[in-house]
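Each chain carries a letter (A, B and C) given by its place in the written order, and its residues are counted from 1.
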Amino acid sequence: MEGRETERKAELEKMLQDTEPKPKTTIVWGTGLVLLVLPFIISAPLATEILIWGIFGLGFNLLLGYTGVLSFGHAAYFGLGAYSCGLALRYWQASIWTGLLLGIVSSMILACFIGALAIRKRGVYFAMISLAFGQMLYFLALSPLKQITRGEDGLTHIPMLQILSISLNRPRPLYYFVMVITVLMLYLTWRILQSPFGKLLQAFRENEERAKACGFNTTRVKFLSLVLSALYGGLAGALNTIYLGYVPLSTLFWLTSGTMVMMTILGGKGTFLGPLIGAGVFLFLQNTISLLTPRWELFVGAIFVFIILLFPAGIMGTLRDKYTSYRMVKLKKQIESSGDSI
Amino acid sequence: MFLKTEKVSKYFGGLKAVDQVDFNLKKGQLKSIIGPNGAGKTTLFNLIAGVYLPTHGKVFFKERDITRFPLHQVSHLGITKTYQITHIFPSLTVFENIRIAAQSRETSFNFWKTTYSLREVNQRALNILEQVELIEKRNWFAATLSHGERRYLEIGIALATQPEVLLLDEPTAGMSCAETNLCAELIQKLNQEIQLSVVLVEHDMSVVMGISEEILVLNEGRALAEGTPQQVSDNEEVQRVYLGEG
Amino acid sequence: MFFDVPWNVVVLQLFFGLALGSIFVLLASGLSIIYGLLDVVNFAHGTFAMLGAYAVFLAVSLSGSFGVGILSAVVIVGLVGGLTEYLLLKPLYGKDPLLPLLLTFGLSIAIPDLIKIIFGLIGKPVNYPQAFSGATILGPLILPNYRLFIIFFTLAIMISLWLFLKKSDLGMILRASTRDSGMVQILGVNVSRIWTIGFAIGIGLAALGGAISAPMMAATPDMGVDMTMVAFVVTVVGGLGSLGGAIVGGLFIGVVVAITSFIAGEYATVSMYFCMAIILLIRPRGLFGEIGRE
């Protein structure tokens, strides 16, 4: 009996192994390589922007692509993170880490408020309410709180920073600083997706009703997801402040939220690298079209409409779907050829 | 009484989907609910499981009033339902479908551990996969399963939540004769081997008559008759309304 | 603070609030119809209102008549709306419910830029129609005629709309389609066409709101999003899918914004979002809304 037991356990162990997905080494190294050489291919500032929006997108994608909740007011977190960091750096002579931390924490607290009020709402309803809150913050920063935020002028005179005695006001060092943080966030996101919570998110997106029937408190899931995405938003905002050296009012503007939505959909919601790819393609398009005409929004908007109609899964999403069908065909052939052995 | 409803009713505007039904289930019992389409069977399930709030009446589980408890809470108490139309997680693998249900009994708000370190959960999932005979297809995407296999997956997902009462909504719907028999055997095995109380909604009379200890007949939202399979099939009113047609 | 202000100023502010609110009512009722009928939140609602404003500008420059201007604005933009639904939104029905919202969002980004190319960046002013310039004097109250016009005109439109929905055949079909399109289809109605018509009507109302506000606010390319937001806030406050809610909500928000801009100007826009937040807290379904639609 004992021998059979251990044999059985070993069999099950092996089965568990083959169900566990592993990151493909080529993709990991490939991404790493691209990140390292990016500032040499395109300008360092553009590359830094791509990474900042990429971080913002990683969090946004957790909410939209995995949990299935659309927030049209995510600029609120980005902007609040940017302003908190900016204020801390300017008035309290805070260190860079304090600035980042403050950006993250303030955004997460805001998410708790908005989540408490609105997270139970249906998808499209929540999307618009979150936009309304974003707008509220924008108009608050524009006028009533002008003393603090300096309104339309934005928050300026943010001191230059140093990491390990390397000044961050030169483009390349700044880029690599942001890159290190990006890599950290990518790893964090991977761990989250592999965790029980991450798996729950994926099931949730597939079939919320069934997840509820299994016993999961769906409101709590959505709430946590929102707060988590605000973490990324706040961090991205704070990084944006460090990158720009000032905080423009536009960080709270609805177009910032909208841009995030477009980037995520373009890259492919619900895919791991989608947000980064989306940020890259979007900013690249925006830059290139701006060279020809200031009316880049027309083209970007039209392209977005086109994508929604024909390729709603985005770049990585469409690729993934193709890969999935390919893999299923392979699996079927495997089962058929191996008969009924396990 | 393990699970019971007391004059439970659900009205949708003027439509009385369920009207003052008393339902009783003893621990370890396998009971079926039958009735023509629209008799209110699925609605009764939904009332017990917490999907709907009753218009009148109460639901009791282990002497506790669970009338107002929502779906996810009822699930944690030990009552799990399956769906009439298959309601699985299509883009996840078969293994993942069951594993996620098994995970519901642990806390899921854990961001850091990898799921594969939750040994117990994973073992349980694999065991259930074996029980519903889907172990070979564990890496397949659920969307690619055949209809019968999906119904089994449906049962597997429910089992993974470690229920004390299983509400099965037409599990053999759409299955072939052979598949139906196997499914009936599985249900009976579950009831007897692990003392799982089962409430079964079914249209296939051979299954109902074959494995049920007791049957409740519903018609137009009201209870028509109740008793052993023999008593029910002998009941004249039931014959007239339901069995008499076939 | 209130007691320092002479009562006629307060009444005047209320009056301005009603006029502003009337425009909100037009916008919100259109949005509500579209949402109630199609389950689509039209992010480009304000954009169509903006098109209405530009249409009136064009029509008035060409014909010199404000009446022709408004009529053509509603008809032309309404048709554009119907076309949009037919070509762009219909393919998305039955898929992810977020897709129509996202598509209209894309439109709200692209169309203003198109307007900027055609009409330039600076807003186009529209003159007050001769008939409604000047003011009516009621004792110490000086009420601008155009705003009187807005209030009564909106009232007339709302009554016509109510009559249309309640009494006419098409109106009844529209109302029935919101609840149970399945049933209506069985009765032989071409639901697809109903949806297009319903959308066009909603857009027509938006265009009307934009057209009427043009003399007050000028037609600017970027006025769209703010109008969409107002329409949405009013809908949340009044209750989704309720026309009565759109009316009460619109007037209420209009008055709140007018009074706030008088007392503490910089909080004017914030005040309406604040109202929305309060409603979400104490009565999430809105003043006249039904549970479950949200």
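Going forward, a residue touches a chain if its C-beta (ideal position, glycine included) is under 8 Å from a C-beta of that chain, and two chains touch if they have at least 3 such contacts.
Note that this is a predicted model, so its numbers are computed, not measured.
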Among line, ring, star, complete and other, the chain contact graph is line
Ranking chains by how close their C-alpha centroid sits to the total C-alpha centroid puts first chain A
Separation of the C-alpha centres, subunit A versus subunit B, in whole Å, is 39
Subunit B to subunit C, mean C-alpha position gap in Å, rounds to 49
Separation of the C-alpha centres, subunit A versus subunit C, in whole Å, is 34
So subunit C residues touching two or more other chains come to none
Note: in the complex, subunit A contacts subunit C through residues 70, 72, 117-118, 120-125, 127-129, 131-133, 135-136, 139-140, 142-144, 146, 254-255, 258, 261-262, 265, 295-302, 304-305, 308-309, 312
In their shared complex, subunit B is touched by residues of subunit A numbered 12, 15-16, 18-20, 191-192, 194-200, 202-203, 206-207, 209-218, 220-221, 224, 228, 324, 328, 331-332, 335, 340, 342
Subunit A partner, complex, touching residues on subunit C are 39-41, 88, 91-92, 95-99, 101-103, 105-114, 116-117, 225, 229, 232-233, 236, 240, 264-267, 269-270, 273-274, 276-277, 280-281, 284, 294
Residue positions on subunit B within touch of subunit A in the complex are 49, 71-72, 75-76, 80-81, 83, 87-93, 95-97, 99-101, 103-116, 118, 122-123, 126, 135-141, 144, 157, 160-161
